[in-house]
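Working notes for the structure below.
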Amino acid sequence: MVYFDSDYMVGAHPKVMEKLVATNSLHTVGYGRDEFTEEAKRLILDVCGIENGDVFFLVGGTQTNAVVIDRLLDHNDGVVAADTGHINVHEAGAIESNGHKVLTLRGCEGKLLAVDVSYFIREFYLDSTNEYMVRPGMVYVSYPTELGTLYSREELENLYAVCRRYDIPLFIDGARLAYGLAAESGELTIKELAQLCDVFYIGGTKCGALFGEAVVTKRPELLPRFRSLMKLHGATLAKGRLLGVQFSTLFTDGLYEEIGKHAVELALRLKKGFVKKGYKLFIDSPTNQQFFILPNETIDSLRKVASFELWGPRGEKETPVRFVTDWSTTEEDIATVLSNI
Amino acid sequence: MVYFDSDYMVGAHPKVMEKLVATNSLHTVGYGRDEFTEEAKRLILDVCGIENGDVFFLVGGTQTNAVVIDRLLDHNDGVVAADTGHINVHEAGAIESNGHKVLTLRGCEGKLLAVDVSYFIREFYLDSTNEYMVRPGMVYVSYPTELGTLYSREELENLYAVCRRYDIPLFIDGARLAYGLAAESGELTIKELAQLCDVFYIGGTKCGALFGEAVVTKRPELLPRFRSLMKLHGATLAKGRLLGVQFSTLFTDGLYEEIGKHAVELALRLKKGFVKKGYKLFIDSPTNQQFFILPNETIDSLRKVASFELWGPRGEKETPVRFVTDWSTTEEDIATVLSNI
Amino acid sequence: MVYFDSDYMVGAHPKVMEKLVATNSLHTVGYGRDEFTEEAKRLILDVCGIENGDVFFLVGGTQTNAVVIDRLLDHNDGVVAADTGHINVHEAGAIESNGHKVLTLRGCEGKLLAVDVSYFIREFYLDSTNEYMVRPGMVYVSYPTELGTLYSREELENLYAVCRRYDIPLFIDGARLAYGLAAESGELTIKELAQLCDVFYIGGTKCGALFGEAVVTKRPELLPRFRSLMKLHGATLAKGRLLGVQFSTLFTDGLYEEIGKHAVELALRLKKGFVKKGYKLFIDSPTNQQFFILPNETIDSLRKVASFELWGPRGEKETPVRFVTDWSTTEEDIATVLSNI
Amino acid sequence: MVYFDSDYMVGAHPKVMEKLVATNSLHTVGYGRDEFTEEAKRLILDVCGIENGDVFFLVGGTQTNAVVIDRLLDHNDGVVAADTGHINVHEAGAIESNGHKVLTLRGCEGKLLAVDVSYFIREFYLDSTNEYMVRPGMVYVSYPTELGTLYSREELENLYAVCRRYDIPLFIDGARLAYGLAAESGELTIKELAQLCDVFYIGGTKCGALFGEAVVTKRPELLPRFRSLMKLHGATLAKGRLLGVQFSTLFTDGLYEEIGKHAVELALRLKKGFVKKGYKLFIDSPTNQQFFILPNETIDSLRKVASFELWGPRGEKETPVRFVTDWSTTEEDIATVLSNI
């Protein structure tokens, strides 16, 4: 059986595991005050081209979104997001549980358009009753989006311009960042991305780590007493150096980049194979998530050799499906799929 | 100047004020444990035809919605509401501030259709990832809606049937209930309404009281320790008898009914007048809120003698407006408007 | 029967009621944007000697404490209070329900000593693990306290000096402020009090109004977007002018002062009477709450003519009791009690 | 340098690491639905002697306490805890951030006495104003306590009897459970502990794992929809099998027991050594945390070879200190300390 269900089905990239094993019996101070964490911070700020920024390491994505958003928003502010945004759909109400409304706009292939955000915020400020409405206090986007798509440079620039005009932070959820950076059609380097938002996070869990996300900001004044807020949210790892060790490995010798490239290359090979055989794309994604519309009989026969997700309820004749690659996907895995369709 | 801005611009119906004055120097126990409150409960349960229910008195509508919904929902449940619902628009995020997501469906003239709710909930239960989604834990509707419209008996029956099928409570926001009950096309008596939901509230603030809303339930087991939760939310009035005095007056000799009828009758006369002169309705409301689309010059000239709200941003040539009547509106007020258009 | 249970058992001072009746049929804009509210603000800022401050009107005490404290505290800050403080005991956990810890110190006759607060905060900052502790983010005191006692000028100056040293706000709960200002041994005028804290509230509910509390600050920058936060907490009255009308009446022709003096004078007469007959004080209060220790048989016989509260569980032979006076207490009421002990 | 600062300074027990490495490249479903997690559950229920219970795996201690307590408490209930309890001191207000008050009682060497809890709860129910107070909704204790002490069987039985009398859950924080089970004077087996409370957690982070805590209950009906609540709190690990792999290793061939015994044995050897040389105990702990009072000069010289924590601010002449052992502590480490005092 070959596996394409998601990018969190397997452990860490072997180099990450090796480093965890190699450092296992060292004694360090806890809670991320250790030298590995310091090194990881330095490496990340460097790769992002940020001089006076800050980096914080958390365990998982939902947690990271919840803590960052809780920090960036005032009591009665909400976060603007696409209706397909992870925080609006698959985080069990984590944002609301901290008291904040998710203000959803209809996304366009998973992306939030600057023009829609601008219109929405302007409308809010024009409304004479807005004192009793939830103020748009920040904007949340994912890069890549939940549908595998990417913002172009211009799209992100426009979005960030809207945020700056209204003086609200733009936060980018980079749970699958490695794959966005590696996409051929991806127009943004991590340095550019770091400049086109206020806070973003570099996904580890889905990009080669056992777990872990690195929150990066060029404006540390936006995250005051963040470590204390992390603790309050149960997001502080006692053996914090585990995060430092993993991220310093991922950002040494270009491993993070390599992981992204590997997965995207294989994902595109998969796409090409499906398209060549005449299958329809459900959405045209340049990253490690690929979405096809397959006849139900194809799905049934393919499932004997490959594991993957239906993307929504099974249709009468055909159903959208998702295939996800990661560091562990091999050329043979791809070949197995393509030779069975 | 005549006033049609809203139904909370004037004090209480004279009979309510008289009773407040008459009882002002009496000593009673605090926090709603007094005889006036007991009497109001009895009168309300009686008019609702409920034998073993309960009634709680709160001060305002946003507060009432927040406390009731907080009580009815489990930690990770959300409340299904129309996108135009008061809790979704004009309560400054009160529901979310208590940790609950408002799950919005596109309303139809302000109403939530049973078929949409049913589809939404079924979709949730069919989704294999729903463990990480917000469960629809109750349904919220307004009667009349924020657009002045009313559910037919069949519409409400269908909605309640969906709720019972999934075993979740239906809560009706009756901030303007008097006007819904008084509408000619309104198909529901208060007795029927009380049976077609689990919890509802009888609006006082907008229907003749100085302030106050009465939460009514035929299923008191749904609101355990509700008085304590009210206190936690700052919703308990020390001189609680003020609410008892007002509601017992409103529900003596049919005053609540009378107030509703008076306002609706004048509102319909206003509608007829506008329509007769060829003005367009923005929405066809049978209650005390009337919505017209007026040419901007008509608006400008009319505003010299009448106060009313634009319903949205001023258009280029014409703009929707809202006129609201209440117990204090007079025939002369209506005549003033109609003779100036 | 004469009543001494509490100061919220009767309606409003007749002058307040008169004004409510006189203004009842006027039309004003809602939500406290009316001229009565403006006038009340002006009168209060004037009596407090504050030039560039702000005033907000809310409905009740628990609500007021919750909203003010929620506004003054950052996410992971707590409020320092005496263990007997109202927010720690009798508000059903309202402060915690908004996410904030009440950091309690042992009070001294209901008062928080500057030395204890100073020591507590210093200890926090000395603790190397304080990143994982709740930071003392503000101080809450009541004037008068829940035990009827008053801070001397020096005590309050010292407390405020500690707050300023650590740059955290001092908030005074003045639910019974009128009686503190009226106490003979009270050293502080309202002007001085306004300068010896950052935010305080002037109690209306227990001091002659039907309901209502006026939050006053000389530093409005501490309460940004406060009206929106009030709405989120369900603390905004639709017919907001009811609060304006009441407070403008209370602060016209010295009515608030008069109410305080009347009640305190009668309370002290009661105290003198009890002491003269040899009864013990439970606590020596200079304000409208009086606490005695009475033999159980005295309690039982007195209860035939007077209503008052036991202050704790009934003892074997004697029990502490509380008597509270207000604007409605008469000399005859006092005489009735004193002639029955 | 030898390290005694805490039990989270080093990685996982080698056997745990080995298993993580061995399973690293396997593909499993995410979020704890994998076979390793199932195996760990089975092993834990078995060792606890629970037939129809449930086990949930979370990442860290603060998170675990927050989610369990949030689940067990109703909206306006609080959790009774010793003033030294971890949730009251070192969790940055995590419990309050979820809306719940920590109701603290003075502990006795870190322990909560049944008689105090019983008195406190009875007093609450006797108080006629308790409708406006926070109801004691559950009891929280740590085993071992934050001071390394242990409840005797009788003490825990009495505490649990109080809880059952008032029908509220007893929750045991077992962050350092291994060391409590291994203590010679410890009277309780894990089977007995599991029966003497409603919910407890088996600490992994401080007892040989990289991270992870296992929540165990014999009454799964107390934790409905717990997985969804975990997600809402950001406490769900995407690669959930990491927890399953670790806990199944810890509970195979008695590894968890062995780790506890090893650390406790060395801790007691340390204690004996200090006592023999005439040093005073700060508290007499039978577990892996040892507390001494050392002269400042001893501290200064010892710190050249050993790392350990001051337990409070440095005194004038002497200061309490804490030494903590774990799976990685060696006999040589102990010898190094003892030969330097």
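We call the chains A, B, C and D, going by the order they appear; numbering starts again at 1 in every chain.
FYI, a residue touches a chain if its C-beta (ideal position, glycine included) is under 8 Å from a C-beta of that chain, and two chains touch if they have at least 3 such contacts.
On a predicted model such as this, the values are computed, not experimentally measured, just so you know.
Student: Select the interface copy of A-C from among A-D, B-D or A-B: the correct pair shares over half of its contact pairs, counted by residue number.
Tutor: Interface equivalent to A-C, from the options A-D, B-D or A-B: B-D.
Student: Would you say C-D or B-C is joined by more C-beta pairs in contact?
Tutor: By number of C-beta pairs in contact, B-C is the larger.
Student: So, what's the distance in Å between the C-alpha centres of chain B and chain A?
Tutor: 42
Student: So the centre of each chain is just the mean of its C-alpha atoms; given that, what is the distance between chain B and chain D in Å?
Tutor: One centre to the other, that is 50 Å.
Student: Indicate the whole-number Å distance between the mean C-alpha point of chain B and the mean C-alpha point of chain C.
Tutor: Chain B and chain C have C-alpha centres separated by 34 Å.
Student: Return the distance between the CA-based centres of chain C and chain D, expressed in whole Å.
Tutor: It comes to 42 Å between the two C-alpha centres.
Student: Got the chain C residues that touch at least 2 other chains?
Tutor: Touching at least two other chains: 75-76, 91-93, 97, 99, 131-132, 228-229, 231-232, 236.
Student: Applying the document's contact rule, which stretches of chain A touch chain D when the two form their complex?
Tutor: Residue list for chain A touching chain D: 3, 5-6, 8-12, 14, 17, 20-21, 23-30, 59-64, 66-67, 91-94, 97, 205-206, 210-211, 228-229, 231-239, 242, 307, 328.
Student: Quick one: which bits of chain C touch chain A in the complex? Just the residue numbers, please.
Tutor: Residues 31, 70-71, 74-76, 99, 131-132, 135, 224-225, 227-229, 231-232, 236 of chain C touch chain A in their complex.
Student: Going by the contact rule set out above, which residues of chain D touch chain C in the complex?
Tutor: Within the complex, chain D contacts chain C at residues 75-76, 78, 89-93, 96-102, 123, 126, 129, 131-134, 313.
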